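The structure's right below; bear with me while I get my questions together.
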Amino acid sequence: LTALLAAVGWAIISLVSLNVVAFVLRSIPAFDQAYGAWLDALDVISIGVFAAEYALRLWSAVELPFLTHLPSWRARLRFALRPMQMFDLLAFVPSILARLAGAPPAVENALRLLRALKIVRYSSALQSLGRVLANERGALGGALLVMLGLLLFAATCMYLIEREAQPKVFGTIPDSLYWAVVTLATVGYGDAVPVTALGKLLTGAMILCGLAAFALPIGIIATAFGREVARRDFVVNWSLVARVPLFAGLDPAAVAQIMTLLYSRTFEAGMPIVRRGAAGDSMYFIASGEAVVEREEGEVRLGDGEFFGEMALLEGRARTHTVIASTRCRTLVLDREDFERLARRHPGIRKRVEEVAAERRSRNREEPPAA
Amino acid sequence: LTALLAAVGWAIISLVSLNVVAFVLRSIPAFDQAYGAWLDALDVISIGVFAAEYALRLWSAVELPFLTHLPSWRARLRFALRPMQMFDLLAFVPSILARLAGAPPAVENALRLLRALKIVRYSSALQSLGRVLANERGALGGALLVMLGLLLFAATCMYLIEREAQPKVFGTIPDSLYWAVVTLATVGYGDAVPVTALGKLLTGAMILCGLAAFALPIGIIATAFGREVARRDFVVNWSLVARVPLFAGLDPAAVAQIMTLLYSRTFEAGMPIVRRGAAGDSMYFIASGEAVVEREEGEVRLGDGEFFGEMALLEGRARTHTVIASTRCRTLVLDREDFERLARRHPGIRKRVEEVAAERRSRNREEPPAA
Amino acid sequence: LTALLAAVGWAIISLVSLNVVAFVLRSIPAFDQAYGAWLDALDVISIGVFAAEYALRLWSAVELPFLTHLPSWRARLRFALRPMQMFDLLAFVPSILARLAGAPPAVENALRLLRALKIVRYSSALQSLGRVLANERGALGGALLVMLGLLLFAATCMYLIEREAQPKVFGTIPDSLYWAVVTLATVGYGDAVPVTALGKLLTGAMILCGLAAFALPIGIIATAFGREVARRDFVVNWSLVARVPLFAGLDPAAVAQIMTLLYSRTFEAGMPIVRRGAAGDSMYFIASGEAVVEREEGEVRLGDGEFFGEMALLEGRARTHTVIASTRCRTLVLDREDFERLARRHPGIRKRVEEVAAERRSRNREEPPAA
Amino acid sequence: LTALLAAVGWAIISLVSLNVVAFVLRSIPAFDQAYGAWLDALDVISIGVFAAEYALRLWSAVELPFLTHLPSWRARLRFALRPMQMFDLLAFVPSILARLAGAPPAVENALRLLRALKIVRYSSALQSLGRVLANERGALGGALLVMLGLLLFAATCMYLIEREAQPKVFGTIPDSLYWAVVTLATVGYGDAVPVTALGKLLTGAMILCGLAAFALPIGIIATAFGREVARRDFVVNWSLVARVPLFAGLDPAAVAQIMTLLYSRTFEAGMPIVRRGAAGDSMYFIASGEAVVEREEGEVRLGDGEFFGEMALLEGRARTHTVIASTRCRTLVLDREDFERLARRHPGIRKRVEEVAAERRSRNREEPPAA
């Protein structure tokens, strides 16, 4: 069932992408004339699919655990008012209304862009971006004030200086503001440039101030978005490392050291993580997902928190088994040379790994995980 | 009274904003002719309001605790010399003087921009920005030196190279400096471009150096401003999490883990935080502000440091009460799936939460907070 | 003596700055004709001063502790080979040589820019920037490779696509490379733009890739420079907070909490830190430098690590003494509202502060620091 | 042997660089005519060298530890499929095929750019960049979606607004998209600019939004690349400091303090780290590499983790020996003034250093390291 849902999801995303491409191409008259019929067909199909999806979601809303206590019409109404469901509605209703009302083709086409909103449902990154913007509202507002203040100041000065030399370009403050935005954001079209010496001096000074003022929103958004991305990883990694039997008895400082040595690699379902016979220069911890060890005695499944490849780490031999990601699989990797460096300084770690490996090897006929 | 003060604050901010908009529009001759009378009226009203505000602030200064020990005229003089009070003075005195002195309309209008300074009083972000710039003075000065050095070097080279090919554009070093600022800050108007092969080569090299040099102030300001924004949050969150009864007996490492799972959401006064019947997929800690639980038995107020929604976390049921922010309310949110992941690894946490929940449920007829 | 040295330093910096300004203005023919005599006089004076400074530094080199074991001529030779001393030499020798050799005026003027190198000696920020660039050499080299690769790729594609449509602009790969640098660094002069549909498509794609590639050096330099700036502060602050008697018995976690509440403010020598009678809403710790408390009984000097203003923190009263920075003074500031928040959660801190304050007050007739 | 391998590596890198330069110059007709024969010779030599290198790598692949268990033809096939080996193949095969197939000169020349791919093997920074991009795929995809959404929105609005005023420039959405990319990425050629008032207003607003949206990938890449660069340093430094005998008995908090005082400097093989007689104002810890102390009694080699210069730190005397990096040598430096500040606050550290120094001095006739 999960696979079916994922397939439907990808089909919807593809259809939305196709609609966006069609939307862009349709604005070219030659293309519209040549392929208009096909695009109309796509439009009809899309409206049908989107409407069907919307209806199905609405119909099945009563099954959602947090709506079961409501009478079904109220459950569906409440569900219809959620933002994602609204976006889904915007994907087909405006197009139908525009066609009924006989809107001009350019407007009708522009309404098709609303379909792109359906993508929001499928992108967790967009959702965390929204959260970042909401959280940093205060700081962003302050940065915006600084920028607006600088824009107004630059525009007013330039208006006073260049107004007589270039009445068409700097004749009013709104005109000057257009110059100020285009200049301070470093776009610099060149359709409004200073011609007087004083104007050029002011432009140079304002550009240098602008660099500082316009660095603020970049810094705030970049820092906050980076923090949001990193937020969950830390806990997951710490818990994972701390519970690996290999490192179980280590004190937190040693765990912290090992954590800094790990880096993360993600494998899509079906991709091999290690191949039998390949160079064995790292061990893997499964952070999330599932992997399968292919052994002659049959497959062995490794889940969340299990690890493999420690033999390679100890002995540098080639891999003895192939391990394949059976779902999307995030792993933490410990390279052999990092392990060596650690072990040289903490001899206890190497001893412990050797004990575990010896035990594994002796059990190897009965039990699995050692790629 | 607080509500009244807030209303007055917003009124002043609105009036200042209106003045800024009027200032921009007034520079358009057609608009000035059509609506000049209205704008003049706005001007008179603004000057009156700003003068009245200034006088009231000055008159009531003697009530301020740190000025009570002074004779009233000295208290008022000292108060009048504070920067914010100076900004307030600049909002109306220059306009009056300009009118009395009969300054040309463009200058009189430009003086109106000074009113925008009143906004500084109301923006804490502007104030922390000022502090950041003051603290990073040394590093910013160094970055400015690097940039000036590079500008001078680029301008001198270009002057030597292109002086003969384009005497109008690169004939003097100030002209070359204008080109250098416009180019190295990546504005690139296109009114001064190299035409010789050597000039183009140098331009390419200088642009690449400029990227590095102009990255310095961006990096300094962005990093420092981000740190300033994050500074207070850490302490607040740590104290908050550590004193939630649920987590009271946990060791600091576990508290740190939980902290990384929380994210912050802010609700304006009057906004519902959770709605009765909505999906219960997270619990909330109040970091600052106050919220009201609407129960049939009457309202319950929750303040700084209290929490609600833990039932939803445990049982995934729909919310049993609506909770509304009665003031601006910053909350920390713990999502159910993060809690699950944590609980799977630390079974003690789940057990403790269940105990608290059981106790709450049994007390539920007498005592409140469980949304 | 220190004051004399500082004055000489500032005099040299001023003279160098004056030379840079003269260098820029001299390239304007009208200015050169009008004020040439003055500029020549400045030149002669500058050469004299710089040569005298150089000679004095060289002559006194034998006094430097690490050169005392050498015979004096070897000590001076070794000293002359240090980079700063070389820069000092470049400030006057090339100008003398150019005049003797009869170089053209433009070249002679350009050589004057070398005098700006003298500034390096006085800017610690420039020196840490140099260290950052040296340390991040590897990462910056990698970023440069990525950028060069992208530039070559974009230029080659554009050369293949637009070569026939615009043989003057994209006729050779060096021409295309000029376009690529100007475009990918987002300068965008507009003197080389794509005209074919394919060229425009490629330009759009390359700009998006360029954003990512050109973010690398910005990120590396900004991060590393920010870290360099922050490096020393942490230790200083920690040691300072940990040894304040007020916080002496606190455990490290509490010290860390207090540290996050502090922010840094720097006062130049002679600036008042707090004024008698001003609002007392924060206390100060001296991180480095010296401050003087002005009391009727005479001045009291506070040095590195001492603190004042705790009365204001406890009681919110106006300041009872003025405190003036007697040298450049970096302070850490604890605001009253932050202290309140902390004290509400850790009642022990408030109690301890009250004890210290009570003790200070009782000693107040004999001993000082309580502004 | 290692020296020979390094020399071969540098020879290959030089040959690749030479090929890239030749590739660029060859596109200039005049240059191609004048030096075509030399370039053809370089081409033949390069193809020969690259083919030989490829064959040698393939032939010796059977010696690699992780391939020894395979029959030799399978070992070589598996080796040939590794990405680096593929890049090596692309360096000469396409050129040969193009010559055989008689491709036009411009295409044949373009294929030579593929040789630049050989550089990837030699740049660890490129490899970590690749890892960063792979890890941050999710976040970068989200940022790309935001940017594409904004581009589509801006282009559609502009198409609706300016379509009639400038049918050539904004007549279709693809044309508008070109404007949107060039504007929002702040390139701003100036070949497509708004002319209507509404268009200018929209452009200003879109530029401000674009700043925020285009800050996202910069922030993600910069943060992640900076983290990747810093990842390993922390562990290395911590282990190094903790095992220096000087600091051996210190608690972790003190070690952390000392770490923040250290900064890193790298010396190429053969460079002197300290010179006999130079000012002794810092001590050095060798993080990686090897250094040689030149003493009259003979050389002493210092490796990974050893340190020198502590006498200078204690006594501020001139260096008594010259120390030269015998391999590339990364050192951590502790400046005297930082040490002083630390020692003033932790008197135990100074005492311990003095003990070690006294012991070293007494052993100085038998044992070495004290520069």
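Which chain is which? They are A, B, C and D, in the order written, and residues in each are numbered from 1.
One rule holds in what follows: contacts are C-beta pairs under 8 Å (C-beta built on N, C-alpha and C of every residue); 3 or more make two chains touch, one makes a residue touch a chain.
Keep in mind the model is a prediction, meaning the values are calculated, not measured.
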Listing by label each chain that touches chain A and chain B gives C, D
Angle of the rotation mapping chain C onto its copy chain D, from a C-alpha fit, rounded to a multiple of 5 degrees, please. 90
Interface numbering overlap (same over half, different under half) for chain B and chain C: different
Could you compare the number of C-beta pairs in contact for A-D with that for A-C and name the larger? A-D
Cα centroid separation between chain A and chain D, in whole Å? 26
Rounded to the nearest Å, the gap between Cα centres of chain A and chain C is 36
Residues of chain A that touch at least two other chains are 174, 177, 186-190, 218, 222-223
Which residues of chain C touch chain A in their complex? 186-190
Which of the residues in chain A come into contact with chain B in the complex? 64-70, 78, 131, 134-139, 141-143, 145-146, 149, 152-153, 156, 159-160, 163, 172-174, 176-177, 183, 186-190, 193, 197, 200, 203-204, 207-208, 210-212, 215-216, 218-220, 222-224, 228, 231-232, 234-236, 238-239, 243, 252
For chain C, which residues count as touching chain B in their complex? 20, 23-29, 106-107, 110, 113, 116, 119, 123-126, 128-129, 140, 144, 147, 174, 177-178, 181-182, 185-191, 214, 217-218, 221-223, 225-226, 229, 253, 257, 260-261, 263-266, 277-281, 316-319, 338, 341-342, 345
